[in-house]
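Take a look at the structure below.
The chains carry the letters A, B, C, D and E, assigned in the order they are written, with residues numbered from 1 in each.
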Amino acid sequence: MEWFQQLVNGISLGSIYALIALGYTMVYGIIKLINFAHGEVFMVGSFIGFYSIVGFGLDFFTALILAMALCAIFGVLIERVAYRRLRSATRIAALITAIGVSFLIQYTFIRIRGAGPEAYPEVFTNRTFELFGAQISMKSVLILSVSIGLMVILQFIVHKTKIGKAMRAVSQDTETARLMGINVDNTISATFAIGSSLAGAAGVIFGLYYTKIDPLMGVIPGIKAFIAAVLGGIGIIPGAMVGGLLLGVVETAVSASGYSLWRDAAAFVILILILIFRPNGLFGKNAREKV
Amino acid sequence: MKNKLNKFWVFIVVAAVVYGVVQALISTGILNNYNTNTLILMAINIMLAVSLHLVIGITGQFSIGHAGFMAVGAYVSAIITVKLGLPFIVAIGIGGVVAMLAGLLVGIPTLRLRGDYLAIATLGFAEIIRIIFLNIDYVGGAAGMQVSKLTTWTFAFICMVITIAVVSNFTNSRHGRACLSVRENEVAADAMGINTTYYKVAAFAIGSLFAGVAGAIYSHNFYIIQPANFGFLKSFDILIFVVLGGLGSLSGAVISAILLTIVSTYLQAFPEMRMIFYSLVLIVVMLYRPQGLMGTREITDLLPTGKFRKGAAQGVK
Amino acid sequence: MSNNHILKVDNVGIRFGGLKAVSGFNMELHQGELVGLIGPNGAGKTTSFNMLTGVYTPSEGEIIFEGKKVNGLPPFKVTRLGISRTFQNIRLFSEMSVLDNVKVAYHSQAKHTMISSILRLPSHFIGEKEMEEKSIEFLKIFNLDGDMHEKAKNLPYGKQRRLEIARALAAGPKLLLLDEPAAGMNPKETAELMSLIAFIREKFDLTILLIEHDMNLVMGICERIYVLDHGQLIAEGTPEEIRNNPKVIEAYLGEEVPAHA
Amino acid sequence: MLSVKDIDVYYGNIHALKGLSLDVNEGEIVTLIGANGAGKTTLLKTLSGLLKPKNGTIHYMNESIVGKQAQTIVKAGISHVPEGRRVFATMSVEENLELGAYSRKDKNGIEKDMAKVYETFPRLHERRKQLSGTLSGGEQQMLAMGRAIMAKPKLLLLDEPSMGLAPLMVQTIFRIVEEINKEGTTILLVEQNANMALSVANRAYVIETGRVTLSGTAKELQASDDIKMAYLGGHV
Amino acid sequence: GCGTDGGSGASGDTIKIGANLELSGNVASYGTSIYDGVKLAIKEINANGGVNGKKLEPIAVDNKSEASEATNGALKLTDQDNVLAIIGAATSGNTVAQVEVANNAETILISPSGTALNVTVNDKGELNPYAFRTTFIDPFQGTVAANFAINELGIKKAAVYQDNASDYAKGLADAFIETFEAAGGEIVADEAYVAKDTDFRSTLTRLKSASPEFIFIPGYYEEVGLIVKQAREMGIDVPLMGGDGWDSPTLVELAGAEALNNTFTTNAYSANDPDEKIQQFVKAFEKEYDKSPDGFNALGYDTVYLLADAIERAGEADAEKVRDALEQTKDFKLVTGTVTIDENHNPVKSATILEYKDGKQEFNSKVNP
């Protein structure tokens, strides 16, 4: 039953990726910006959660809500200051700015509190239960349910609500969206707020699950979330979920076969293969340009 | 036509003069090792920037894994001098060629992807290359490989001049225009009889070749190479040169490589604020000049002759 | 007349998912003809062009150009065989100069190699010089030589349309496909375009197939017209026949057929 | 209803509208004709708040709308059908129409108007679940107009509704324009197809390189030789 | 000047000390930790009147965790700033990138934490005349750990789980395996992980099914903390052991006190050691930075004292003399142990074996080299 344990491992790893990728793909889908700073919002969220639990003695859920709220504000702020001016610039200019913002947040943070790690407190006594001989931790069940729950909520927001329609309209054609009476700036801010609060939530949950947080913790998950989002198809919410899970399972499968050092390489090979056969990601519409 | 011929020779003469002056300053000890090393670093960064400029700026292929090809050049050349004991110049050549082959290998399957999908695939390939070196004990794995310092100002400068000359000559020919047309509108380029795949792969291969050469110069200048030197942050650094200089501007790539090398070395002295300053520079430049320092213009457009040409064109209109 | 055809479209069709965009399309073009392709929006006209130029591969049927099968070839190879086109939505190389736009199209007629360009061998200079001269000639025909150093995107719309045609010509076609060349032009500009099309046909010995919704233009210069509706050919004939064809009137023209031709 | 006085609009250094003035009265169809690049689209974009004039005034229902955001102007009753249709391609016909009513709150009114749009354009009703990107050009144009109607405009700005459409479709579109107008919507219509435009309009303006060079009733302009030469195909 | 005058480093009444460290980039946390230790030590020394009456003046460069920047930084420190000595870098690779520069410029180079052999001795086996280090070399701790496992714990089947990105971990692992097998033990699994990773469960699942009686985990506390925690969660209850890379109060926070029971480390010192010198350091550090010191902090701190002691004995800030004095360092008491510099410029310190009990390190035994 080792493979079953490994599958469980893979899904819990993947649901963390998915959680970060959900917020990523949201922002990504709407302004088509590879927001590298998303990983840093995730990091900041994680630290907000940490300080509010350890420093201010808040309970876990209050800390989670606080982190989400502050990250939402932080995300909106980043968009206002750094990205808004660049809306009509090339996407690659926005990308470089995003990299700049990402460095700025990391190193301002290091400047303030040092580069060392911090350990999340144990807020729940970690229970594990056995299923078919595999140890399953309650935390990973929690993470998976939170990810799926958020995915459903997001999907609902984007496809069924008025603000969601506005978001999709803005993502396709900002100018025409304005002609519909949509306030484009507010819609984009709302998108950043939602995406960033998800990143904040992911940060707190990550801390809870993996314990260790540090100022550079957002870099790798940021890249992984980008991969998951692309894998699933840019801007497609269930795609990010599936992309994240797939990535987690593939990475685990590689480690489980004893090639842990090749794990990231294998993940990329899979990614590239999928892209070659499905150039718009798993769930991407065939957006072949109409000539 | 004559004008263009002259431009090429003017470049060669200017290069020769710059070389002579710097060499003289080095020989007389006015430039110490530290200054010389900074100049070599600058030359390496220029090579990297110019080679990526061909891929992104000219051909419009969003590659964010350039450090991978640099790694190939660095490792292959190091193996040739350290393990096989062959001369440095051979190592540079073979390093470049093997990097080019790696470029072909990566380019052929991935270049049919577009935009962010291509970006993530190139990033992935660069990481794969890095992880391969990480897992080869022959080159030291994670601990890296010690390399003797063979790079001199002369080697670095000549390689840089060749890189610029080749990329610029390529760009200013029908082949370069074919690449430009791919960047501008792939469907239309195809419809005009341009073999778009061929030119994408060609630009990618030439870009990789010079990234490999830069890697060879790099590995023989810093005593040790480790896979960690060639991660995605390195690729981002190179990307930043190109975008900051102005997408599509070769002189922009060169200028921003020079400026950022200076900024970066200068900031070494302010260790704790370094990355904060650096990122602020990036953000501010991009916010206030999103098209990059030079836009799509070349330095020659700013010279009197360039102005004359433009003026003349407007006059006719 | 039937054996000197330059293009033969034999029972061609294509589907996108469940949608049959074009089916059972037959068409023959003869050397030197000027033929119109009309039909309601979404009838499959542009799609037919895309099949003729290799952008789409037909799911059935054959396209024979000068005796050679061209379906299945990539677009650049089709162009090199001698079919070139313009686009319904202008697709210029917008950041490049007007001159360079034309040079790109002249690319496949030039011979100097990549190596000779990189090493700046004499053949490079000879080749580039010839390209430049030839390209300027094309621009002169379209009265665009005054703007040759301007970026293509800075041209006014009408000139951009003309540049697209100039560029298509520079690719050295025997068959030229024009997709709504007069779209967005006012009647006066359209009239100028008509005479230009007639002129280049003579000068370059071209066969021309054009899509257009402007009936003044189509009826005015086309010798024959094909009418597509819902992906199927519903009529073929001279302008006079088409104008009076009840099927075409019902599907496309409506009652108010322009009085003057 | 709408009064534009001496507006200047720039794109960077390009001076696109140069001291342009015009008026639209309630209930009219006014058409703007002019060559490519004359500035017609620019004017409409300025009216709907997508562009800001550098100088000059724009009064709508006796209130200045210069500097107002696009969404405010839409609420005030000006609705703009942009050049090239610009439907939201990956959204269904129905969703596009809903977006048209984005700034409205009256649920019942919206439903009623939706029904009215479907009545005017039965084809849209037939295709209401289809993604609008896969509609034909004429259908997209209908959708763009339907979408604008959903905002319940008092003034409808139409930018080249006949562009790229088959003759039959052009006739349909113009018929609908007249219908909408009859039901009480004032219309400012930009057209290349001057023949058609003049035949439905009450008044017309001719714009050349950012300036009004001629204006009058549609009948007058249709009869003018200059206009015939320049815009009606040169058949004097 | 090209530093041919022997790297005077002293001008007027200060002695310039370079610090070429990983203050940003990948391993910024190691570099900044060392730098905190360095700053504290220099502050203390200067407050006590300096060395031979001269104040120490630190000049830091950030090498961004990159070899090229490390070389360049070393050139700046030697050519431009004319420092007497360079402290750095944190990792062996970035130190190796400076060794030649230091040798050529005749400037002392001391790596606080670079453990690879080729820091002090080049690939041909020749001594790098100006390069030193403050930390152990790799093999010693691995050997000690293997002997401890076999002799004290009576282990027959062991597994190794090492940090692949670090030559330090590799050195320890190799020595452990060699000694363990030579003594008749069996290595049932040899796995590796990548630094900065956070999820080790899949490899731990593999390790678990190999049923080892003991797992040796050479690596740094940031990952080890998570590994220990996750291993215990997965039901791996066997003894775990590692080297001085484990040493940090953060380890206890990361892994949790309970998970750390039944784990052992080799180290030169323990922050809980009641030894006066150590407690002084811990107090001073906590006062300055409001947190407890980790191993890197201590090594940075010690490096300055090691250097200061040599300068004092040399009598003047002359690179060659200071180097000779460094070579003669003998039984010098530092926070991380009592040090004697051997003929290969490596410190010889005795190792302590510590056991974690309820989150506290407890002294188990002492092993002399």
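Throughout what follows, a contact is a pair of C-beta atoms (placed from the backbone, for glycine too) under 8 Å apart; a residue touches a chain by one contact, two chains touch by 3 or more.
This structure is a prediction, so every number in the text was calculated from the model and none was measured.
Visitor: Going chain by chain, each one touching the next, work out the least steps from chain C to chain E.
Guide: Between chain C and chain E, the shortest chain-hopping route counts 2.
Visitor: Between A-B and A-D, flag the pair that has more C-beta pairs in contact.
Guide: Here the pair linked by more C-beta pairs in contact is A-B.
Visitor: With chain centres defined as C-alpha means, what is the inter-centre distance between chain B and chain D in Å?
Guide: 50
Visitor: Can you work out the whole-Å distance between the CA centroids of chain B and chain E?
Guide: 37
Visitor: At what distance in angstrom does the C-alpha mean of chain D lie from that of chain C?
Guide: About 31 Å separates the centre of chain C from that of chain D.
Visitor: Using mean C-alpha positions as chain centres, tell me how far chain A is from chain C in Å, no decimals.
Guide: Centre-to-centre distance between chain A and chain C: 47 Å.
Visitor: Where in chain A do residues touch at least two different other chains?
Guide: Only 107, 110, 261, 264, 291 qualify.
Visitor: For chain C, jot down the residues that touch at least 2 other chains.
Guide: Within chain C, the residues that touch at least two other chains are 55, 87.
Visitor: So in the complex, the part of chain D that touches chain C is made up of which residues?
Guide: 33, 35-37, 134-139, 160, 163-171, 192, 194-195, 229-235
Visitor: Touching chain E in the complex: which residues of chain B?
Guide: Residues of chain B touching chain E: 29, 32-35, 37-38, 41, 134, 141-144, 146, 149, 218, 221-226, 228-229, 231, 233, 265, 267-269, 271-272, 274-275.
Visitor: Okay, in this complex, where on chain B does chain A touch?
Guide: The contact residues of chain B facing chain A are 56, 62, 109-110, 112-114, 116-117, 119-121, 123-125, 127-128, 131-132, 134-135, 187, 232, 236, 239-240, 243-244, 247, 272-276, 278-280, 282-283, 286-287, 290-292.
Visitor: Using the touch rule from the top, collect the residues of chain C that touch chain D in their complex.
Guide: For chain C paired with chain D, touching residues are 19, 38-42, 88, 156-158, 180, 183-191, 213, 215-216, 251-257, 260.
Visitor: Hey, which residues of chain C end up touching chain B in the complex?
Guide: Result: residues 53, 55, 74-76, 79-80, 84-85, 87, 91-96, 100, 103-108, 110, 112, 114, 117-120, 124-125, 127-129, 131-132, 145-150, 167-168, 171 of chain C touch chain B.
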